[in-house]
Amino acid sequence: MSELRISGDLVADENARRGDALRSDYEALGANLVRRGIDIEAVTAKVAQFFVAVPSWGVGTGGTRFARFPGIGEPRGIFDKLDDCGVIQQLTRATPAVSLHIPWDKADPKELKAKAQALGLSFDAMNSNTFSDTPDQKHSYKFGSLSHVDAAVRAQAVEHNIECIEIGEAIGSRALTVWVGDGSNFPGQSNFTRSFERYLASMGDIYKALPDNWRIFSEHKMYEPAFYSSVVQDWGTNYLIASTLGEKAFCLVDLGHHAPNTNIEMIVARLIQFGKLGGFHFNDSKYGDDDLDAGAIEPYRLFLVFNELVDAEHRGVKGFHPAHMIDQSHNVTDPIESLISSANEIRRAYAQALLVDRQALSGYQDDNDALMASETLKRAYRTDVEPILAEARRRAGGAIDPVATYRASGYRQKVGKERPAVKGGSGGIV
Amino acid sequence: MSELRISGDLVADENARRGDALRSDYEALGANLVRRGIDIEAVTAKVAQFFVAVPSWGVGTGGTRFARFPGIGEPRGIFDKLDDCGVIQQLTRATPAVSLHIPWDKADPKELKAKAQALGLSFDAMNSNTFSDTPDQKHSYKFGSLSHVDAAVRAQAVEHNIECIEIGEAIGSRALTVWVGDGSNFPGQSNFTRSFERYLASMGDIYKALPDNWRIFSEHKMYEPAFYSSVVQDWGTNYLIASTLGEKAFCLVDLGHHAPNTNIEMIVARLIQFGKLGGFHFNDSKYGDDDLDAGAIEPYRLFLVFNELVDAEHRGVKGFHPAHMIDQSHNVTDPIESLISSANEIRRAYAQALLVDRQALSGYQDDNDALMASETLKRAYRTDVEPILAEARRRAGGAIDPVATYRASGYRQKVGKERPAVKGGSGGIV
Amino acid sequence: MSELRISGDLVADENARRGDALRSDYEALGANLVRRGIDIEAVTAKVAQFFVAVPSWGVGTGGTRFARFPGIGEPRGIFDKLDDCGVIQQLTRATPAVSLHIPWDKADPKELKAKAQALGLSFDAMNSNTFSDTPDQKHSYKFGSLSHVDAAVRAQAVEHNIECIEIGEAIGSRALTVWVGDGSNFPGQSNFTRSFERYLASMGDIYKALPDNWRIFSEHKMYEPAFYSSVVQDWGTNYLIASTLGEKAFCLVDLGHHAPNTNIEMIVARLIQFGKLGGFHFNDSKYGDDDLDAGAIEPYRLFLVFNELVDAEHRGVKGFHPAHMIDQSHNVTDPIESLISSANEIRRAYAQALLVDRQALSGYQDDNDALMASETLKRAYRTDVEPILAEARRRAGGAIDPVATYRASGYRQKVGKERPAVKGGSGGIV
Amino acid sequence: MSELRISGDLVADENARRGDALRSDYEALGANLVRRGIDIEAVTAKVAQFFVAVPSWGVGTGGTRFARFPGIGEPRGIFDKLDDCGVIQQLTRATPAVSLHIPWDKADPKELKAKAQALGLSFDAMNSNTFSDTPDQKHSYKFGSLSHVDAAVRAQAVEHNIECIEIGEAIGSRALTVWVGDGSNFPGQSNFTRSFERYLASMGDIYKALPDNWRIFSEHKMYEPAFYSSVVQDWGTNYLIASTLGEKAFCLVDLGHHAPNTNIEMIVARLIQFGKLGGFHFNDSKYGDDDLDAGAIEPYRLFLVFNELVDAEHRGVKGFHPAHMIDQSHNVTDPIESLISSANEIRRAYAQALLVDRQALSGYQDDNDALMASETLKRAYRTDVEPILAEARRRAGGAIDPVATYRASGYRQKVGKERPAVKGGSGGIV
């Protein structure tokens, strides 16, 4: 009983108009790849099996501390959000899972599961929230949550995380992502050591509640909302957390949570090597945690991250199965379009990384032939793999050009009529 | 007819308890300075005449895009805000002027003037807002304001700025500060050249409405709320604006609006040299536009900025009279306490800069004696000038220890009873 | 009377082996571009006319302050360097001009011209050196050159620059690039204002000696070799220099000379808009002035810079003719290979920028359609234009695969025998 | 049998001239501290027992990749360097140990010990060099050392480190500092995982040769000399090294080796908490590894680092005894003066940190009183502790004003006559 909101006929019609061009480009690319010893079909098959989860909060318009400017047809709650996620999956066939954020997405688990099933969706990692207060909350997180000086606040935050696990259990999730805003705005405000001890103890309590087949992901971030220190500020601290907690604990890497100029792909390699890479929050950034669309600013960096992932796959690293999630803030675009486009960019980086001639690369590395090693990556990267991505979508029932098809469907205008307009406004005045 | 909310007797009592210690420290410092050829009285007199404006929005609790956690006794409107500013001025005697932000602070000009007068306050630069939408606004600023592609939006933004000037005229302000969030989140979204042409044309229209005895300050910022490009991204662009507009146009420097590692004091020197330094938004930061309390993170940087200001004063630079304003976001402190403390830190940097032996410094510079030049600055900087600051406050009727006196007064608890509690909440989920 | 060191037959043979594949790829790309309304031949023709100058110092192995590890066959002087540059031009047909650095490249102008002519080369901008001392030099630049406190040092530096112009005049150059290391390592060491006044006066003296048909390029850099302040630290200061000097003065942009996270393409746009873009030092970087191979780290950034250049071309900006130069340090590669590869990457960015559908882009900008504007740039960028680059080389007599052809020629081994081995060693111990 | 080069009489005379002023300032400070519950004598006693090692390479003039500008009287070898270090210790009484760098400082261990003893010096951590080649070296480190792809190169680098341990054993050192330049300049050049595996294996071999009472310090650095990736790029990797190697392995923190905006004091706290803080290379920086004089750029940051150290001392952290070393490059000052001044700045930060009211701080932290917590640190920091530093020197036989006394001694002019002038020159032109 599908609830899909875009008609299969429209998708078929749109694809029909683009079929010849795709065939031509796909064949030309195939011929080029054959000369490089690569079977395009093998690549297309792998791409078709690569998925990335969509965050429920990503389908609403984002904002900054200065303002939020809503778009039309903003989702009113988790069921509207699931509808929007369904559209993304229908057109891309790359995003079959949704990542929920509690408390915003709380609902009857049975209804959630039924709705998701009807849309061809399932549920990825659960996300807790202890970085803002909810109206009914007993203790405030103004001065921290899992690392708060007051045991009562910590207990409340632990309990909330355990509730997220319980909800997740009920809807088929298998992981909990924990990101806290805990930190300080002034030197001296927090005792770094005591804060981290408290954080570790709280996480230990959550860990005890984690089912055996679950994983827990801790997420580091250099700064914001705390502007002098953050309790989980970088991958070094994140590694200490995961190794202190145990074998079900892993590190989550958000591409925008690092210091300027950081070599993120190297962090990814280190975490893989030491068995602690849990997964990703994909997005792009130029300055800080800008939460821009994946691949929009530094696409080569995204490729280099995937180069590490494909290399690990290639080497058959034991226990390697990172979670792929998008985490973006869509302030000036239609969120559905941005998520469609971002899923595509992430698959693009994966496809390009699959094209790397790893044997040649390894040889150049052994020969200290830096130029040809670089060229080996660049050659894979500059291959226009769009035909592979489009073909993978087409074969799975998605759209050759998902953004154009989405626009042709008039979905946004339709939900604009169903869902009441939302007023924007300024943030916390600054 | 004073409306001051803290009793003069309390201030006197508090000062009395601290009088002996201050006298002792002041004398010891005076003796030390005499050996360095400096008359402490001359320094104290100059410090007493140094003022910095308080932003009306600074007395409310700030927030991030993730959350805002209000404190007790949040001001309900501009008149409450003026009360709070009155307390700051009463205790510090360093902040006799308030900088208003329109539309939030709109009120009957006569009432504003009367209230300010009763509190011993006046009005500094006006601030316009075209970075967020107000409920009654015809056109949205989602995609820009003064540089928007649509002439109607630009006209609305120009008109709003002109209204700010008019309000300012009515209440005795003499300057307009223009900061816009205009920019883009994606490469390609904006045409850099066309955007800047439109911005300059809009600013030209505002400039035409500027009274002869007014100044207009443009404020640059590297990023946020736009995360790929900002129309007024740095001092280079800011200088182009001020020199294009005319002699009443100047550049405003916010200490947190620069690229990582930027030598801000050098920008200050350049703008002074080319006659375009308009003034400052003081605050401190470690990562981006963190809006932390002035001097909280890198106090030596604040001193180095003041070193340039005092040097310009010393050289008698023609037409040099920069505006001093605070612009901070107080997320985890009582805003009144942060503003008291920040005003003090800013005066501290000024006092330290006054202690620099400029003749010796100049000699070391001519001799390429880098070590002694550095030491000359450091010697001034490491002098504990707190006795000078306290004595300047005391003599002007303020408090020797203004934060302690403020706490002793119970002001926050009192307004907490008068002003209804405000709920916090999350920002535009991100 | 060609002195070219690689036989034309070898090039022909190498090209013959790659001809069929190129033809196939070129045709497929042509077919794809036709569907996008682009004539591949027009693009290939433009690319063939795009050139970038090679720096004479770039053909030697670079180093860091820690060490220099020479390769085999290091050029012994300017004539060896020209031989190496000849090879690069022979194979790429993209680098017909060489940029000299005085004093290292000083030689009889007639001999220089003759040698260059025999290699099919000419001379681009001259580069002066006042950032290090030469053995015979009267005054040291330890504490600065054009901005030095001592007039005698400044005069020496001015004279050296004038000599560079004179040498340039004799060999057909038309521009002088001035980069100075002047700055300070300690707060207080330099008076920012006095230093810049002296710099401007010295540059004024050089400017007076500039022939009418010459241009002078000032180059800014955030830091290094000075680590607290640099006299020409950013484009804002650079703009002040160029506008103070006069209409023959322009700003040079080195891609690695900016603060972290800087939007360089925006600076390029501003300088074009205000008529002061002189040209580029192309390279790539991740941290500071890393001087890595162009396009090696952030190829999309290089594309975005070229997007601005092609846009200016498209708009027919008056007097727009920036100089294109490479400035890199080749520490771990054969410098000839790196320069071949870099020239190719620069042409790649140019070719990609030519593919941008500017009419569509402009429409998306006017509609605030950020997603499609971004996608318009990305579509051009992700097109694999290697067949266009290869075909442009082939038609002009260069190599389809210039690095492979270079390796096949055994040039490096040959000069390794002719040129004595050089010992490496540590830098200024640090 | 002292070889001290500055006469005790001169020191005494110089001190005599400054004795009264010091007494007066010391008494005034003592009176102020008494009111804050602090016994100045206890602080002075602790400061007198705080020492920092001087690097042998620090007494020569440093340079950049662009140039080195030698000063007069450059030390010709390790014995000249020890003379210079003797002067620093004689005047400051804060630097009784010297850290050697092999191969530059290789000499007969007995002569080294005798010379040091005569100067009142001992030997701190040994430093190996595998970041540059020496003339007699079999294999080049151009492409790495401990992580090189070639086992022979790695073996050579391991052997060199073991030789450093042996030399150290002979002269009384107890630690080996290992910093390598290993890394890559291009994506793809190195396999991150393989490189790090090789590095760990090589370090394991060195570790095996470490005497039981020794410690080994690994030093991380974000970039330079490698400009895309470094094998030991940050504290996260450094922690993995130290914990993999064993209980004698620790992390060394160089204040200039971090990403922009990094909260270094927090890294220090983490390493203390997890038992892996080995020590410091003190210096200051504004942009990268600028190697400027400690406390010259961000003195408050230095204080915050010491705040963590004193806090750990205060808490009685088991096994806490970090090594304190200076690592700076003196390009524009007399290196002896810079080292005197830097030792003083480091002691200053220590003394200020001793003044922090830790009980009050802890209380403010428990109360989430961010403002007073910050103020508690600032109050200690802004105390002018120069009288304490001067008095500690005086009592130990050093100079009240060591730079002035050094200048009065004419030491630099004397060695200028004994030691031949050295020519400067450019680095590896870049």
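Chains here go by letter, A, B, C and D, matching the order in which they are written, and residues are numbered from 1 within each.
Throughout what follows, a residue touches a chain if its C-beta (ideal position, glycine included) is under 8 Å from a C-beta of that chain, and two chains touch if they have at least 3 such contacts.
Only a predicted model underlies this, so the values are computations on that prediction, with no experimental measurement involved.
**Student:** Do the two copies subunit A and subunit B share over half of their interface residue numbers, or under half; same or different?
**Tutor:** Same residues, largely: of all residue numbers at this interface, over half are found in both copies.
**Student:** Pick out whichever of the two, A-D or A-C, is joined by more C-beta pairs in contact.
**Tutor:** More contacting C-beta pairs are found at A-D.
**Student:** Please indicate which chain is farthest from subunit D, where distance is taken between mean Cα coordinates of the chains.
**Tutor:** Greatest centre separation from subunit D goes to chain A.
**Student:** Subunit A to subunit C: how many Å between their CA centres?
**Tutor:** 39
**Student:** Can you work out the whole-Å distance between the CA centroids of subunit A and subunit D?
**Tutor:** The answer is 43 Å.
**Student:** Can you list the residues of subunit A that touch 2 or more other chains?
**Tutor:** Those would be 142-143, 184-187, 189, 222-223, 228, 260-261, 263, 286-287, 293, 296-297, 300, 332-333, 368, 370-371, 374.
**Student:** For subunit C, which residues are in contact with subunit A within the complex?
**Tutor:** 21, 24-25, 28, 31-32, 35, 260-261, 263, 286-287, 293, 295-301, 332-334, 337-338, 341, 348, 368, 370-372, 374-375, 378, 381-384, 386, 403
**Student:** Please output the residues of subunit A touching subunit B within their complex, sorted ascending.
**Tutor:** By the definition above, subunit A touches subunit B via 57, 60-69, 101, 104, 129, 131-133, 135, 140-143, 181, 184-187, 189, 222-225, 227-228, 260, 285-288, 290-293, 296-297, 329, 331-333, 423-430.
**Student:** Flag every residue of subunit C that touches subunit B in the complex, lowest number first.
**Tutor:** 142-143, 149, 184-194, 196-197, 222-223, 228-229, 233-237, 239-240, 258-263, 265-267, 269-270, 272-274, 300, 304, 307-308, 311, 361-362, 364-366, 368, 370-371, 373-374, 376-377
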